[in-house]
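What follows are several structures.
Each of the two complexes below includes subunit A, the first together with subunit B, the second together with subunit C.
Right, the complex of A and B next:
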């Protein structure tokens, strides 16, 4: 009986010793090849399941299994499985992102009024060469280069793969280049700074045949930038017959309209939330 | 007379048993159609605060993303990935499904739930970064043979961006995990 038990234990130990096992490194870096030691003997099938691939090939159990760099480009959890005649053994490992070398830059809005406090948001997601998000803190250099002006830059440390900054638009209209740089990556976006709301909106009236020609002075914002053509200016005439409002787009910097005025009338002007001066006119 | 009645009675009972068995089988099949459980916490989000509607859309769309991903990997279908994935993540998963097809492999995810923490919401509202603490039972089979089966807890870093009527998963990167 004792011999029988001893024999069974020896057989069990021998079978355990023969069982295939696999020992990948706990972690590696994206784009690096690895060698996975295995134990056991005989023909076996090796499987590698990763975020972007699942492969299968024949190997010899007990030998080192080479995994090429192109099979390990995607960061995430991988499972290595070795199946031999006595069953399957598996082990998981993680592939971490490589060094930062790409940026995904989000800049909003693409057009912004001048002098808009914190009006531009710039967000940079930090990736490695294989589009894996780099989670280690890394400094991202943000820069602003207005047209004809000097570049201003500031560094922000990325957290969980993202760095961001809010900027106030300049006082002068025109395109501004916003950039973010890390490693060899240098992404640039262009934000068009446009005139803000009209400021000191003024109208004047002159006779035109039977009508009055009501015309604005060149419409500018408070920084002196011309308000873009197409911006709507509203003229409102109030007379004994009631109130009439006409919307007119700015053309070549001014907005104008011919109004038939009979008797006394009051004309006011507005653009957006800005109101201008008021005129009293009398027609025939 | 009695024998005929008994025969009809037995037939009726047998039919009833068949109907019940079919119902049980159907219920079992539709269990995997259930949406994964996702709990969203947005207490530490910034710089933008999450809107009420977004706080409802994110867990719903993330759950649907996991459901469609599980379906894609189990049935080796790429078409279901169009709904809730975009960008490189969609490319990665498509690549994974194609390689599974080539190798004759299938992966099955039994979803045990997700604890989702929103950590970054872009000032313009055009991107959100989250951390997911997911509990899964993973199974890989080659043909009909199960070659790997393991309950795991995996932490993911997730980037979602808004689409026309839903939030889409743009990045789903496992960062750490352990066997449960």
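Right, the complex of A and C next:
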């Protein structure tokens, strides 16, 4: 707060006073030192007010004022003020982002069903070494590397520091690497392409010791990918004793359950909102 | 005056002791010590169970030689960290069903107070006359015992590593699971509005799910907000479907213009174990004349399920969810040991029920007794 008040007072004084002058460059690049020529004579106070901080030091009016690189790391508008015994002078200049050298890559979602049109969103934010968003158009190289496949890449030009691409997930399940590169930055994310809903869910029954063994055929989606183990398959059996339901996770590609069946029974199967075939079986 | 105060204190103390004795049922126990009627025999036994004096209750049995004392105690005190181990017998109602000179049947409705709310248990007991007194003939437990064994379990387990606090901004996190409300139905009950429906986990990872609802009036302002609380199976494995129910007490359907549903899903570590079979499901009428959905739970895994929780969805002929009821089961589910369950169905709903579906929530503790 004190800094703000001091800065405001100094700016006010500088605007009304006719005094020593300073001539900073109109633009510079983040992280580069500059030298600001000044006029006048005697001891003076130099203020530098930037987007992320302000500094104050004693200088000699009439000499070049050196501003270190670490004072110019944040892109934005800076105000340089020189106050000597005969008044204050101010001048503003801009610090632009340096060359792109960092990326923040946001990939969503981290899991996607196979064959989802434009299902993967890949957004890259382009930064320089000092975390300044690089607003100038820069080409970002996006790449996709499926497991066991060849890398495919394409360039997209960033707009206001952001470049993006939307992708359709592959037909084959498995992890795929999505990358974005610019300058020395190369970020990679992994998206799991998972099997979609079960397709053509089928069960069969066979005699076990005292029960019936009901099991599914290998559970696959419509692209032929195996539905992941752990996915719940619901078996429902209705016989003279009532109704029996069991939620069984798929294990090694199939879900199976042993059921005691008395008389004629009807067995149905479902996984999520997908239903499968019905079986009529006769027990002892 | 010096003696007056001590005498007064002693008198008040005696009065308080007598009041406490009456309050704790001491008078009733004394009155029934002889158990001159079948009802009294059951009441005496249950009042001793209520005061956790299981030895005294056991001593009231007619067939002590056939009944194991520990098994009898476990019937009321619970075992394997079941719900009864977190419960106390709050009260009971007893009435006779049939009475003869030497034998009688008595029905008792036990009201337990448990960690998850009230729990009722109905028991029909045979009572026999032994000399001048009546004694309860306790049914000998013929339930299968759990033999020592090794049950190999190789179901999946999902563990989750989230993005760390030290990771840079933009580092990818694991997404929350995709879940979807597949049905919702608002029902007016005499004293409340109830929202029932189903939720599916569409993702390939487990989800911890909770459903909330906000009721809006004609001016779009909120009039009530509730969540499904325990009337939902919170942990859903991939593609698993759970019913949910949200109660809005003292609410009328006419007041509601809109319902805003909100389903929240968190990615959680979970196991595909245990698998619980729900068999012999039937809608029937219980001995008290109430409509119930009864059945049997069978734990097909090696892990003991300490507190099973049954949630049932009822559908009409159009496949619409018309009611969801739930109930906790007092016994723990031991591997391969069937345990009966029953949940209430309101009579006006029961007549429209075409089919139903039961899911079982399970709560496990690490220490097993």
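Basically, the second predicted complex is superposed on the first by the 254 of 284 C-alpha atoms of A that agree within 3 Å, B and C clash if a C-alpha of one lies under 4 Å from a C-alpha of the other, contacts with A are read in each partner's own complex, and residues count from 1 in each chain.
The definition used in the following text is that a residue touches a chain if its C-beta (ideal position, glycine included) is under 8 Å from a C-beta of that chain, and two chains touch if they have at least 3 such contacts.
None of these values were measured; they are calculated from a predicted model.
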**Message:** Under the stated touch criterion, which partner chain does A:92 make contact with: subunit B (first), subunit C (second), both, or neither?
**Reply:** first
**Message:** Between subunit B and subunit C, whom does A:228 touch in the aligned arrangement: first, second, both, or neither?
**Reply:** second
**Asked** Between subunit B (first) and subunit C (second), which does A:121 come into contact with in this model arrangement: first, second, both, or neither?
**Response** first
**Asked** Which partner does A:106 reach: the first (subunit B), the second (subunit C), both, or neither?
**Response** both
**Prompt:** Touch check for A:186: first (subunit B), second (subunit C), both, or neither?
**Reply:** neither
**Request:** Examine A:194 and indicate which partner it touches, taking first as subunit B and second as subunit C; both and neither are also allowed.
**Result:** second
**Message:** For A:210 in the superposed arrangement: first (subunit B), second (subunit C), both or neither?
**Reply:** neither
**Prompt:** Looking at the overlay, what does A:135 touch: subunit B (first), subunit C (second), both, or neither?
**Reply:** first
**Item:** Partner chain in contact with A:247 - subunit B first, subunit C second, else both or neither
**Value:** second
**Message:** So subunit A touches subunit B in one structure and subunit C in the other; where do those two contact lists coincide?
**Reply:** 106, 108-109, 125
**Asked** Inside the complex, what are the residues of subunit B that reach subunit A?
**Response** 47, 88, 91-93, 95-96, 99-100, 103-105, 107, 119-120, 122-124, 126-127, 129, 131, 138, 140, 142, 147-148, 150, 152, 154, 157, 159, 171-177, 179
**Asked** In the complex formed with subunit A, which residues of subunit C make contact?
**Response** 154-156, 158, 168-170, 172-175, 178, 182, 200-206, 237-241, 272, 275-282, 295, 300, 355-359
**Asked** Any idea which subunit A residues touch subunit C in the complex?
**Response** 103-111, 125, 187, 189-190, 192, 194-195, 197-198, 228-234, 236, 241-249, 251, 257, 259-260, 271-274
**subunit A residues within the subunit B interface of the complex** = 45, 47, 49-56, 74-77, 79, 81, 83, 88, 90, 92, 94, 97, 106, 108-109, 121, 123, 125, 131-133, 135, 159-162, 164, 166
